[in-house]
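Pasting a structure here, questions to come.
Should a chain be cited, it is by its letter among A, B, C and D, assigned in written order, with residues numbered from 1 in that chain.
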Amino acid sequence: MDTRDLIANDLFAKHCGIELVAVSKGAATAKMDIRPHHLNGVGIVQGGVLYTLADLALAAASNSHGITAVSLTSVITYFKAESSGTLYAEAKELSLHRRVATYQVDITNQQNEPVAVFQGTVYRKA
Amino acid sequence: MDTRDLIANDLFAKHCGIELVAVSKGAATAKMDIRPHHLNGVGIVQGGVLYTLADLALAAASNSHGITAVSLTSVITYFKAESSGTLYAEAKELSLHRRVATYQVDITNQQNEPVAVFQGTVYRKA
Amino acid sequence: MDTRDLIANDLFAKHCGIELVAVSKGAATAKMDIRPHHLNGVGIVQGGVLYTLADLALAAASNSHGITAVSLTSVITYFKAESSGTLYAEAKELSLHRRVATYQVDITNQQNEPVAVFQGTVYRKA
Amino acid sequence: MDTRDLIANDLFAKHCGIELVAVSKGAATAKMDIRPHHLNGVGIVQGGVLYTLADLALAAASNSHGITAVSLTSVITYFKAESSGTLYAEAKELSLHRRVATYQVDITNQQNEPVAVFQGTVYRKA
């Protein structure tokens, strides 16, 4: 499947209001406008929202080589709480092997300040 | 704020259809019925959904001591793809210090099979 | 290669004074007596020592099925500082697939108190 | 304690042949010549060696602000197996808060190829 179609068919990303901005071999950018339903019980963007935004960028970048890639494990570290504006997730490839690849995703806000960093390792199917 | 109120006010968890089942000192269980809007482009539950489910259990468990706890970093490792049924996330405390605590969250399906494992470390505010 | 031989040939583990105590399908235990050269600049066991102890238990457990397994990624979370006595690392299998497997390793002290927790994902070669 | 003294007193780093090359506010570089006792049972540098090298760079960078910093959790992802030559670990600060800070450490070989990436979060004592 084409990467853009794969992402367009991601119903949860759609449910969250996340969109793919750009994709190229091993890289991708996603964005999301913060809305009230993204907030947690203390009024800041829920960790799962940041994770999902980064995960979509990871999915686009890791599937960009024409081989289906599925997540094995991912880690996210939070730097800054946000409650409004637009968030961006930019994925880049750290390592690409035949069966395994690793990506870093930087999550930033509208002022280009770091909000969180995400790192994910995927398995590439035959 | 009471832990149950904190979780009840989590608009993103509500948006995802996640509910808190149980909470006690250092432990919590959340559940979610898989619905079409939880699926990704290849028809399985999106990683961000599993993460959000686990994160809610973490939030409940880590805030159960009456001190506000915020996530520093979390890691999730996927074992099994799911596309229907109910998912459960059960958080338990691995370590509790004055300022920092760590939790493990086991994500399982209706057959009690492991779907993913999540580990999160939080910072406890004064 | 037999798992015990693989571990016996691990020169760095030997250099660190780590020994394999037990190994079975998907599980292993390693131990190490804390000695002055294991300490860091503030007089507690260096993080790299705890990591290496856990990594040896992971290597033994993940290679116990007769298929060569190499580490993809591992995470360690520290709970308690130690400066003397014996440390134990006990690895158990969380998930086993054809190409990928995940292990948890609990690191404890002589009083069986949790010192750190380690989680590692490996790639299994043909 | 001065950062250089702290690192000079790290007996395990010394035992491993790791040395601090440079340190500045929020950054540090460590290096190590690969020797036979750094290898594992299949003849490549043991994961614990790479972890310890990165951890020393993290310790130097995170203690560079004059406040004692201790590791909470760290993750390492392996890209390439090495068995000879010199390895470098370069730590940079991703985030610095009053109590918590996060660092990324890039591990490279003599040809400046990526060998592994390490990310660590520390707690800063009063």
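One rule holds for everything that comes next: a contact is a pair of C-beta atoms (placed from the backbone, for glycine too) under 8 Å apart; a residue touches a chain by one contact, two chains touch by 3 or more.
Quantities reported herein were computed from a predicted structural model and do not represent experimental measurements.
*Asks:* Name the chain pair with more contacting C-beta pairs, choosing from C-D and A-D.
*Replies:* Higher contact count goes to C-D.
*Asks:* From the centre of chain C, which chain's CA centre is farthest?
*Replies:* Farthest chain from chain C, going by C-alpha centroids: A.
*Asks:* Could you state the distance in Å from the CA-based centre of chain A to that of chain C?
*Replies:* Computed from C-alpha means, the inter-chain centre distance equals 32 Å.
*Asks:* Centre to centre, by mean C-alpha position, how many angstrom separate chain C and chain D?
*Replies:* 19
*Asks:* Distance between chain A and chain D based on Cα centroids, please, to the nearest Å.
*Replies:* From the centre of chain A to the centre of chain D is 28 Å.
*Asks:* What positions in chain C touch 2 or more of the other chains?
*Replies:* 72-73, 75, 77, 102, 121
*Asks:* Which residues of chain D touch chain A in their complex?
*Replies:* 75, 77, 79-80, 94-95, 102, 104, 114, 117, 119, 121
*Asks:* Touching chain B in the complex: which residues of chain D?
*Replies:* Per the stated touch rule, the residues are 72-73, 75, 99-100, 102, 121, 123.
*Asks:* Enumerate the contact residues on chain A facing chain B in the complex.
*Replies:* 1, 5-16, 36-42, 45-49, 51-53, 55-56, 59, 68, 70-78, 81
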